[in-house]
Amino acid sequence: MSAESVNMEGVAGRLAGLGIVLPKPTPPLASYVPVQCHGDWVQVSGQLPMVEGRLAHAGRLGHDLSVEDGVAAARACATMVLAQLAAVGPLESFRLIRVGGFVAATPEFTAHPEVINGASDLFLEVLGENGRHARAAVGVSSLPRGAAVEVEVLAVRVVAAS
Amino acid sequence: MSAESVNMEGVAGRLAGLGIVLPKPTPPLASYVPVQCHGDWVQVSGQLPMVEGRLAHAGRLGHDLSVEDGVAAARACATMVLAQLAAVGPLESFRLIRVGGFVAATPEFTAHPEVINGASDLFLEVLGENGRHARAAVGVSSLPRGAAVEVEVLAVRVVAAS
Amino acid sequence: MSAESVNMEGVAGRLAGLGIVLPKPTPPLASYVPVQCHGDWVQVSGQLPMVEGRLAHAGRLGHDLSVEDGVAAARACATMVLAQLAAVGPLESFRLIRVGGFVAATPEFTAHPEVINGASDLFLEVLGENGRHARAAVGVSSLPRGAAVEVEVLAVRVVAAS
């Protein structure tokens, strides 16, 4: 087995092992594109926790959602980020640079890092070392359609190990 | 008519057709620069909805402002982004990569995409294909000076078609 | 004295003059890295106002914190950004591009620029011309661990003047 096929198996195998079937990427809600590229840079628009074409996680952390709900929402956002990247090229060809994590949260909420780990951990599980990233996680007053979490990603295209 | 003059007419003509006279770019409120460049990358600082040197759109979506008010505020922010870019080089020379749209909004507000379309649509109307962009739109608790919307842009300089 | 040693003295001397001893960089609270690089680009994760390993500035602007408290918090965040950069390379080798400043703030708060100046001014004081940056400053509902301010930075590595 060549290094390349091992590598290809890597992401596909990890997705399968996690029981994740990448969804059809959701079209933008408005006047923008889901992914914009320049040179080897790839900016993915803020993704909401859509599952099967509908918003699966609405609400606010510290109000009507638990941290576990938030983790699931962040994971759903990250799944959609992966789906958007996969529409541009093989997932093996991306290395993440920055994750922006927005948590709809009350003024008293403090566990934003744990919530956004739902996204960060999925990136690491699926992309391995290429999934490591810098991050900013903050609490916002509200998000489009009442979503609980929104995640955007800046990545680069790299030559896949072969 | 050369391709270049057509192209120049393009943006100038579209601005005129929209009845937009680019304002004098507003100086920063504080210790930063309005635009920072590196290589072909251009980062525009967060712009507020200033019109004729004063904040034209204050308030919060879902509280004292309608979605239409928010759209107008986002459009004013985007006009100021264009003014900042025009101070760096001809508008034909920029391609947008990412728009960050911050909407001062209540916890119950859900129409952030419609509000930030006020900025996105203007970029498309004025810059054409080069105005397409990835985007993150979120609701924040408050913005500088009580502004309703703030818009920042990451762009690149491209060789204008000629 | 060579230009290089003058330059080295520059940042080291300014830090000393400001009475700043760069802290040990704080490890991330979660599943991400403090700094991610690609080419000459350097993205620093959102930094909280940690002093001696603990959160030194909790609360919200407009609620239980004054603007002066916020300025001190932003300055502590910026100090941690510098510590993270110094762990990657000499501070002389960085030029800032973008500062993202998140202020935990009430809906009525309006002085976000003054608060985030606590970070921007420190960058200028320590890095000189290389500390100039574009910026977005916004008010958020809450931040990790109840922090008052969070600051992230996008920078580039430049060849130090010699």
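Per-chain numbering from 1; labels A, B and C assigned in written order.
By our rule, a residue touches a chain if its C-beta (ideal position, glycine included) is under 8 Å from a C-beta of that chain, and two chains touch if they have at least 3 such contacts.
Since the model is a prediction, treat every value here as computed from it, not as a measurement.
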Rounded to the nearest 5 degrees, how far is subunit A rotated relative to subunit C when their C-alpha atoms are superposed? 120
Shared interface numbers for subunit B and subunit C above half of all numbers used, same, or below, different? different
Provide the C-alpha centroid distance between subunit B and subunit C, rounded to the nearest whole angstrom. 26
Any chance you could list the residues of subunit C touching two or more other chains? 106-107, 140-141
The subunit C residues in contact with subunit B across the complex are 62, 95-99, 105-114, 116-117, 120-121, 124, 132-141, 154, 156
Subunit A-facing residues of subunit C, complex: 28-36, 38, 41, 43-46, 60, 63, 100, 102, 104, 106-107, 140-146, 150, 152
